[in-house]
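There are two complexes below, and they share chain A, which is joined by chain B in the first and by chain C in the second.
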Partner chain A sequence: MSEVTKTGATPYDEMYTADGAVRPHYRPYAQWLEEVPRALIERKRSEADIAFHRVGITFNVYGAEGGKERLIPFDLLPRIIPGHEWSELERGLAQRVRALNAFLADIYHDQEILRAGRIPADQILSNAQFRPEMKGVKVPGGLYSMIAGIDLVRAAGADGSGEFFVLEDNLRVPSGVSYMLENRKMMMRLFPDLFSRYHVQPVEHYPDLLLETLRAVAPAGVVDPTVVVLTPGAYNSAYFEHSFLAQQMGVELVEGQDMFVQDDVLYMRTTQGPRRVDVIYRRIDDDFLDPLAFRADSMLGVPGLMRAYQAGHVTLANAVGTGVADDKSIYPYVPEMVRFYLGEEPVLNNVPTWMLREKDDLAYVLEHLPELVVKEVHGAGGYGMLVGPASTRAEIEDFRQRILAAPEKYIAQPTLSLSSCPTFVEAGIAPRHIDLRPFVLSGGKQVRMVPGGLTRVALKEGSLVVNSSQGGGTKDTWVVD
Partner chain B sequence: MPLYDILHDTVYRYDSAVMLSQQIAHLRPRDAAGQHCLSHSLTIAPEAARRVERTDFFGNPVTGFSLYAPHDTLAVHARTRVHVEPALWPAAADSPAWEAARDHLRDGLSGHAPLQADARDAGQYRFASPFVPLGDESLRYADYALQSFTPERPMVEALLALSARIHADFQFDPAATSVATPVAEVFDRRRGVCQDFSHLMIACLRALGLAARYVSGYLLTEPPPGQPRLIGADASHAWVAAWCPGLGWVDVDPTNDVQPDTGHITLAWGRDYGDVCPLRGVILGGGGHSAEVAVTVIPVDEMAAHDDQAAGADGHAPE
Partner chain C sequence: MLSRTADHLYWMARYTERAENTVRMLDVSYRMSMLPRANGDDHANWRAILDISELSDAYVRTGRPLSPRDVIEFVLLDRDNLSSVWNCLRAARENAHAVRGKLTGEMWETTNATWLEIRDLTPEGLQDMDLGAFFEWVKFRSHLLRGVTVGTMFHDDAFQFARLGTFLERADNTARLLDVKFHALMPAGEDTHGATDYYQWGSLLRSVSAFETYRQVYRDVITPHKVAELLMLNHAMPRSLHACLDEIVDILGQVANSRSCETIRKAGALHASLHYGSMDDIFAVGLHQSLEKFLACINKLGDRISNDFLMPMAVA
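Take a look at the complex of A and B:
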């Protein structure tokens, strides 16, 4: 997951230029905002809260006291992206995901990139997400991450322009797409007149694209594949999304106990008897997929699933072992993957990253801790990190000791001055930091995505973290022509 | 040239019927340097509905089988004839300094030198694995190992020295540990069985930056002088192999402080026990269960005598 940071520099504002003028793509919105009374917006806000409760869009927060589920705060002020900016992003995202899939295919077969010395082998072999079980396994289309969530942030350049950077790749089970869809529905319902002022590119067809993608990666020879969504169950933080997507695609939502493997073929139990399953959109982690192959104590998976998978009788989306490519220790090498596999220059840049396993990088980072963001290589969800500018001296010293004990466990990045977007807050409208997670689908020969993605916003003033698990909110994201 | 017949019998008895059972067996010996499997049969009772032979990712033969009919007993009988030649271990003093192995792996794997195929293969066994987590304990293992791995010491000599210390410092005690006992606890309590000592030695070697793998197999035990070999008195065994540039894999058995020779029969190798355990599975139903495992390693020249004796004991002596 991602986190937003700021420094003393003025962040790039999505709506206003540095001298306070409204950017062209926000002008119709600004005009609308002047026309409508503030009370109306207040009323719409409470309508939105009620509606979200009714639909049941909730998110479980691990370790939180009190109720198990809560609403992810939804902000009514949309994040607007001009069409020409999006085209460029789309090109970069498709390129990046192609390279990542090529990397995964390589790592589990010939390992050319290791032999060529472009990525150190220990980064792969010491990675717990590298699955020897996947070595030599043929997957349909050579695709591993059919559903990828790529986290982007925009940082202010010295000239006042804003450049997008990739903060993180999510190649295992990226979540959040249901919020993207529900946010749009909500905005259209609350403010239909706004949509007459803009030509907002649609996102509603995401479930159709997802289903097409999943059907395209069915085992060879299957004509009319049966697709299911595999969930760990109602206690998972993203259970709402699992049921939502299954329902939107018109496929079964299953748990491990609903399926069994016989003769290396996967079946689900139905009221009409066993039915063969060809493609699983799985929303559970590798470790829990098959107690016979991975964690023996897993009650969530299906015994024998790995064997059926290795035999090519069922497709898992995403594949097993994709985590080796979205680890923070591998992230610095993604631009190199683009060059190595595609022979192209990356369209999207990485945030500059220091790898503390390297002596020089470590020395620099230890000297500049108060300015930097330090992350655990294998961490996720905004846990286990140091945000230098927002930390006390004691916290920094504490973290320094942790780094010194095992430098190879950490990477560091500059605290970028990340973009902000006006957001409704208690006191009116104020800028808040945002990021963007587009969802990139790979099936057959195509890489596709719906315009935009999920915009997450850090609701606390000056807050640096947008993760849902850390109290962030979301916005509707408009790509406009 | 020793020839062995190996009997490996496993019987599970369940309190109530098992409806569905899926098992993976690492019971067919892989071919290894100086070792060749001449015949192997696996009898499963009740008969398996499905059986698949394949090779796992470390090159070990694997038999997968499933039972779909209710049963309250599962018996797996492996019968193997294997030919083992005397081992040709390098002279300990002539092996390269142990740091050469560490540096070769480090430089190749970290991208500071071209990655050689041998280092790429050995690299699979260089890092923490599920049964050999390193983490914060790594320093303790390294400290222990460094007493044997002194600067510039020949790799094989250091390896044997470490094996000797584990043998001396740790007590063999089948009651002290179970399959689930973590290495760190074995290290603290200084007792365990072959599996524990092997994991511990692997942890020590990996903590130094060396590649070490877990070898699962059998050990020929000699009955006390004048007494017949007891059927089922042996057990599965485990030991360690460490990697050295130029020499390849060098086996050592810390439980007995010996270098494996014709008395050690290799079944399979992997990162740790979890990759190669002889039989593992998932069942539906069954309630509680008990397991009996009996292993016998019989030199083939003894076989005739053994047959006579067994037949006599059963009271079915030939006329």
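Take a look at the complex of A and C:
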């Protein structure tokens, strides 16, 4: 196991060095913080709360009082990343996403990586996320995950340095980008003077890049493609984001009921009659896309959509079947994909991972449960995981039984000491753990992203779970020159 | 634009307009009940309020007494009364929420803020409030949304469908108000004069913000005949049937599609009957009969608009 991920190491703090000095890129901020009265910051904080409520930037929590709308807590203290660190991250992210797309194209066509024995074939072919319907289907540009969210964490090294690791790839319907954009807007509104002290690289053009990306993957021969955003509807937890992105791109926000397929061509119902649709930025899962192809009880999709897609008459972004590449059981192979498809060494490393389908790994993990994080390979959103150090003995025993019943369903990782960042809490300012989700766009020949991404923060002291459905908050993320 | 989007905008506007007109009606009854002598028993007044919105049966089922407080509570806040102001503003907000990407930020904030303010209002809370001020608040929230819509929204089809909802609802509401008030105020077709007319018809005019306009137009004492004329045929009176039909016909011409010819023809015919109609003709047929026929036409027009442009109405 790597040195950098030992349990109990002092976490890397984004603002302070181990001996308490302010890191250079945080110095202007620290100075500003000393100058402004605390009461002003308190006032700004309630101003932000009111503004977010009025604009209705809310998040529906599954299972909570009938899906009530709730604000995601927004922390006023920015997460700052120096430009040179970001350049390196950007290089690593582009590389990783290229490899993942190459992998998906390969898996649904020639399967060379399986024939070369780099990944066990049964890992892919018997994976529930592998969609046989996609075999041999040609997709524009050979691209599958045009919009990817790659979760990064930073862990402290023995020498006090902090290295970024990829915690998870999200290649299906990653969300959160609207918070990235709204957080920036809010920070600029609340603290304009801060932006005169820093050259913060802008992120506001993300919707433009997204639209360009979606237009670039239109079916061949379509000159002026009609792009739509497909949402499950107003009660979905990420509905705010769906409507926000549609509005920012100036395209229609559609639900399944707004569209129909005739002769393998997709149309939407408009006040002027049917209109052809070329590209769907879909924010619903594969299972719900088409009741004729997948779940028959789905009311969210469009009957016949899959046939129109297979015929190449409409592009889905992301493609069907990308889940086979971001599954936690496949994650350990991504560095190998980078080497296999690109002939390069990965710029970004994975978190060391035990695969419990392997006997040795299983034995080790069962012996060390209290110090490890165990994840269900198909779980998402912080559900179905065990954080060893934060669990009671009973919880650990309960999880042990679940693992023993189906070890192949789990992976384990060392409890990373995620980096922390000072955060406004009840008692003032205190360090809280954070992660980072940059959004990587692939369209045509280019892989692009706006500098930074969404920083999520675990607001509970000591908590390592940053998901918004589990009480996490967000911060504005600055990449500074 | 998407039919569903048009549908949500149209209903957002209709529900907001309905909430506004409902408090206009409540307001006038509330004021009249405070007059030293009301016409006959006060009950008729409050029953009329319920009749206007076809809520009498539902009200009887609640078992509430026919007291001003109870009727006002029912019409304003009752969660089970789908036409209550509370439910109208909730529905307006839900429709807005479903298409918030099509609204300007100001439109969404207006609708959302209105809802957030009334959401937690209870009958107990209402008792501590100045009712007149509350009526004003609802009216002004509706004014604000309409103004923000006209002032910030791109004037494309989306805008037209929101406007269409406003005027269709207003035409319906003004016709109902007139119809019921005539019933309540002239029970047996008897003619009254003088002070009673002044107060009763005067308050009807006030409820549609037309009291001063009446004076300006007629320079005469207030008579039922002229009140009806102002609210039905005067195209410059913004809440009159004629003015609403002017807008509806204009909008339908702009959003026309290959299916809408017959709808446009029907709207045109209804418009012509107001444009070229006279009060003598209307009273010859009977005011009540004329208004009933008008309401039926508006209702059918609404169905046709839904079928041609929006989400087709479920066939009962």
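By definition in this document, the second predicted complex is superposed on the first by the 472 of 481 C-alpha atoms of A that agree within 3 Å, B and C clash if a C-alpha of one lies under 4 Å from a C-alpha of the other, contacts with A are read in each partner's own complex, and residues count from 1 in each chain.
FYI, a contact is a pair of C-beta atoms (placed from the backbone, for glycine too) under 8 Å apart; a residue touches a chain by one contact, two chains touch by 3 or more.
The structure displayed is predicted, hence computed values, not measured ones.
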Task: Touching partner for A:31 - first (chain B), second (chain C), both, neither - done: neither
Open item on the list: Once chain A of both complexes is superposed, is A:244 in touch with chain B (first), chain C (second), both, or neither?
Closed with: second
TODO: Would you sort A:303 into first (chain B), second (chain C), both or neither based on which partner it touches?
DONE: first
Task: chain B versus chain C as contact partner of A:234, first or second or both or neither - done: second
- [ ] Applying the touch criterion given at the start, work out whether A:10 contacts chain B, chain C, both or neither, answering first, second, both or neither.
- [x] neither
Open item on the list: Per the contact definition in the header, classify A:271: touching chain B only (first), chain C only (second), both, or neither.
Closed with: second
Task: First, second, both or neither for A:254, with chain B first and chain C second - done: second
Task: Those residues of chain A which chain B touches in one complex and chain C touches in the other - done: none
Task: chain B-touching residues of chain A, taken from the complex the two chains share - done: 111, 114-115, 117, 119-122, 125-126, 128, 132-133, 135-136, 260-264, 291-292, 296, 303-304, 307, 357, 405
Task: Residue numbers on chain A that touch chain C, as the complex places them - done: 53-56, 233-234, 242-244, 246-247, 252-255, 257-258, 268-273
Task: Sites on chain B touched by chain A in the complex - done: 20, 22, 24, 49-50, 52, 57-58, 64, 66, 68, 106, 108-112, 114-115, 119-120, 123-124, 126-128, 136, 280-282
Task: Complex interface listing, chain C residues touching chain A - done: 1-6, 94, 97-102, 105, 108-109, 112-113, 116, 157, 161, 255, 257-259, 309-310
